[in-house]
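Accompanying notes for the structure given below.
Note that the chains take the letters A, B, C and D in the order they are written out, and that residue 1 is the start of every chain.
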Amino acid sequence: MPTIVVEVMPKAELLDPQGKAVTGALSRMGRQGYHEVRIGKRFELTVDHVDDAVLAEVKELADDVFSNSVIEDVVSITVLDNTVSA
Amino acid sequence: MPTIVVEVMPKAELLDPQGKAVTGALSRMGRQGYHEVRIGKRFELTVDHVDDAVLAEVKELADDVFSNSVIEDVVSITVLDNTVSA
Amino acid sequence: MRIGVVTFPGSLDDRDAQRAVRLAGGEPVALWHGSHDLDGVEAIILPGGFSYGDYLRAGAIASLSPIMTEVVDAANKGMPVLGICNGFQMLAEARLIPGAHTRNAHQQFIRRDQRLRVENAATDWTTGFTQGQEITIPLKNADGRFIADDETIKRIEGEGQVAFRYVGVNPNGSFDDIAGVSNERGNVVGLMPHPEHATEPGFGPDTPAAMSSGVDGLTFFTSVIQKALVK
Amino acid sequence: MTDTELTKAPGSHIPDTVANAAATPDREQPYGALGLKEDEYLQIREILGRRPTSGELAMYSVMWSEHCSYKSSKMYLRQFGQKVNDEMKKNLMVGMGENAGVVDVGGGWAVTFKGESHNHPSYIEPFQGAATGVGGIVRDIISMGARPVAVLDQLRFGAFDAPDTERVVHGVVSGISFYANCLGLPNIGGETIFDPVYQGNPLVNVTSVGVLRHEDLHLANAKGAGNKVVLFGARTGGDGIGGASILASDTFSSGGPTKRPAVQVGDPFAEKVLIECCLELFRDELVEGIQDLGAAGISCATSELASNGDGGMFIELDKVLLRDPTLTAEEILMSESQERMMAVVRPDKLDAFLAVVRKWDVETSVLGEVTDTGRLVINWHGEEIVNVEPRTVAVDGPVYERPVAYPSWIDELQGDSAAGLPRPEEGDDVRGQFLRLLSSPNLADKSWITNQYDTYVLGNTALSFPDDGGMIRVDEESGLGFAIATDANGRYCQLDPAQGARLALAEAYRNVAVTGATPVAVTDCLNFGSPENPEVMWQFSQTVEALSDACLEMEIPVTGGNVSFYNQTGTQPIHPTPVVGVLGVIDDVAQRIPSGWQDEGDNLYLLGTTSLELDGSAWAGTIHEHLGGRPPRVSLAGEKQLAALLRAGASESLIGSAHDLSDGGLGQALAEAVLRFGVGARVWLDEIVERDGVDVATALFSESTGRVIVSVPREDDVKFRGLCEGRGYPVARIGVTDKESASLEVQGVFTVGLEELRAAHRGTLPARFGATIAE
């Protein structure tokens, strides 16, 4: 069955405490050159089939369910080639 | 500055309670055709520059820090075109 | 006995662990995450809390702290180490004990007075219990679900590394109702419930005898102290 | 024009300087979009003798908002400071007006406590709204020099069955759980109410309590010219820009996205580190004055610190560390990014200060210094963008005497008493109604919520839910501690706001008294509709007048509080909801009294008398969907007497348990006391029915005040009766505890087994919001 991947990131202008904690950890570990780490979510939806209607619905779900538009942005929606396992 | 994206998913054979809850929510909302939702993480690292050494280091960090191999898999490491904002 | 309690940024039950050590007759020593100095302690407690907000994975960032290099080293040489809740998660992230923790199966933070069965009364932290003894210890966590692959589970079950098991209710979906695990040698023990919160009459879990009178947790600390005395 | 246009439009990133403002007096400014009225804008121009710069306009607009300036409530709130006698001042180290009041509890210890609302953000984004609500009130407590030691949450949601309620409940509860648990603060009490009046406007109030040694007291003032002004904690970002003003000055019924402010995102880990860092700074005496950043961010902190100190301050705003480098000066002034503090530090202590802050990995920047110019001057890359007298921003904002009108509907509402509603007579009917009440959303067990809160952390929690009050040990040596309870009954307040306020105080007072503690101080969180509605303003004025009078009569001072207006859906205001918190002191927490019995064969006594008082009751609401009439009467002197009696009983250890009667009356209190430890009881109502002249249903469901059930061990019986008689408080023996029976038996009326009681009480919330694994 095909998989649709929805990716959600915290809004750039808002605090991302997770990313901040990881950025701090990298610098304490002496890893140079990482300016910022931001952490978002990756949703993998296994669906019956993919067509425009399904994609439109996923888009709607991405905005309403998978992300919270007050604090997050949906950055991408892609269809995974279902022959390749993720 | 370029951005490297690391994506981590819970191991397929493990229960992903968060994903399960979302799957349940979709079916309660009457959305058909979603067999499974799994939720992982997307890391965006803003770095000075990208070269093989940097990518090798990111690979190492992805395995040791960004994921825990007991429960998670690193599913991809990609470089974002830095002219396009994510 | 001098017992170190490590404070990480975001540690919460560190002073409670110190108090428990004191109530058990030991001398608590505050240790700092950013240092490499164990200050000559004879045992170490990694306390509960949300170190670094538990933002990456519970216990993950703390397990990379400078002091953890020393803790891992000392543990491998046989020093008793107790990881409570977040400390348990750090032990797993540092690979001192097998397995890992994920979000509670029901997705919520849960606080309850939890019945446990002591499955191994031979570790450094459990000798004061009898095998199979049932105790009540407060539990409070969001990422308390202990998991490991089948092979690991089989191994730790077989080798007696399952130190505690949930009784009655499995509060977080942990595999095999596992509440606490030790390393092979039995000096490193991690568990989700908080023994330090069942050490002082009046501030512990309720018992049939009186409210807040449960002190089953005290035995963790007296066990390790007793063992040091015998040595 | 929206607020972003204001800050980005004229001249984009080139800030509007003071010189520019003087040179272009006629430039149009979007004061309206910022929530300022025309006369307020003109007043600003008059104060400055020119038009404000856009930075100044940003500052005035947030600071003169209802939320920050208390412009509609100020003239009423004065009563709390005026109606005090010497007895009330005796233990007050810091009164109203500071971040939080401070009460001397003896032994060199002090306790500071305060409640605050985060209602509107919690509707938009329940999780973050509630979480940052915890964060904000906790910073108030830290800024007094105290270690926060507990929180309580008062929650009011829409109708239990309404579809949106689940979203709000899940978000709010997990937000509070997440933030407070992550801070390591035990949650020790609160309230949870469901009522359609809160549907589009839930109330999320959070109370926090802190403990300090007398010498650690810190105040928010900037004294000593030359002292450094330091901003530390989280970086400044685009969170909640304009939130303070837009949120608190208007309703957002269906007002489209333009009124949707960016909410703040909380980072409890950053706050936890900030707490430890501040406590170390206090311990090492490295700060002269300190202020938390909440609503109105840097605008508020700079202008308040300066006004409370020597009056002058110079700030270089471009030194602020940013999360988002594109923020404009105006946005930085208004940003409500969380987890930030501002301190005033002596130059010779700056290095030591910075060392502590570095130890905790807290980011810091020195923004400027205290001056003796009497002006707050803010520069942006060398150009002066603000030059104001700080008092005009922070203290001397507009004060309104809003029109007040007696509600047109209230006489009719009060005339519609519940006394005429049919009351059950047959045992089975009584039983049925008793169980319906016990399982009704408002009276059902709240452990679905409270199981998500840590109570153990810090190791000093002597009492928490489901007991009537929370109790925390302050001093491990002596056992000295405090108790706290918060209460409000919006239904009573809707019927009669003055009486509702007295009842809220009486109930919180009684809830503290039943723990064995002595009530000593009061905080409040006053949640109301729009102050521009004269009927709401009447409710508000009635509330404050009655509450301040009642506090004077009970001789406990109001040490601080919070006002939240504009709580309404469309034009429909919420019921007036003044949450009253009472703080008590107990010499040794070992003397605490739980709310249920644990032992066999204890005698059960009902203190106080019962009359037909069902107006506004849970019974009327649940069984008859009725709200009307007059709320119960209350004798404040009687409540004092009752509290003194309980204290005397506690100090002689005569009392096994004590549980106050409130919503749901005696029936509910008995059920809760049985369920507390799962120990049954046999109860008889004959004496009450006869002595008080009431029927059985009234005896069980009436909400008459001044009543408490206590359990007394047999051996203390004579002493206890003697105590009651000596003090002349009405008492009746109504039953005996009975472990064997495993039931609550009301003789001649009904019997309910423990399991059925438990199922009725505990099943309601999980059935609606999802099962939890606990039980």
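Here is the rule we go by: a residue touches a chain if its C-beta (ideal position, glycine included) is under 8 Å from a C-beta of that chain, and two chains touch if they have at least 3 such contacts.
Since the structure is predicted, the reported quantities are computational estimates derived from the model, not experimental observations.
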{"item": "Chain pair with more C-beta contacts, C-D versus A-C", "value": "C-D"}
{"item": "Inter-chain centre distance, chain C versus chain D - centres from mean C-alpha coordinates, in Å", "value": "36"}
{"item": "Length of the line joining the C-alpha centres of chain B and chain C, rounded to whole Å", "value": "30"}
{"item": "Chain centre separation in whole Å, for chain B relative to chain A (CA means)", "value": "7"}
{"item": "Numbers and ranges of chain B residues touching at least 2 other chains", "value": "65-66"}
{"item": "Touching two or more other chains - residue numbers and ranges from chain C", "value": "52-53, 55-56, 64, 105-106"}
{"item": "Numbers and ranges of chain D residues touching at least 2 other chains", "value": "267, 269-270, 361"}
{"item": "Contact pairs between chains, per stated definition", "value": "A-B, A-C, A-D, B-C, C-D"}
{"item": "Residue ranges of chain A in contact with chain B within the complex", "value": "1, 7-9, 19, 22, 25-26, 29, 31, 33-49, 54, 57, 61, 65-66, 75, 86"}
{"item": "Residue ranges of chain D touching chain C (in the complex, touch as defined)", "value": "174, 177-178, 181-184, 267-270, 272-273, 276, 360-361, 451-462, 473, 589-590, 594, 598, 677, 770-775"}
{"item": "Partner chain D, residues of chain A touching it in the complex", "value": "10-17, 20-21, 24, 68, 70-71"}
{"item": "Complex contacts: residues of chain C adjacent to chain B", "value": "56-57, 60, 64, 92-93, 99-100, 102-107, 145, 147-149, 173"}
{"item": "Chain C residues within the chain A interface of the complex", "value": "52-53, 55-56, 61, 64-65"}
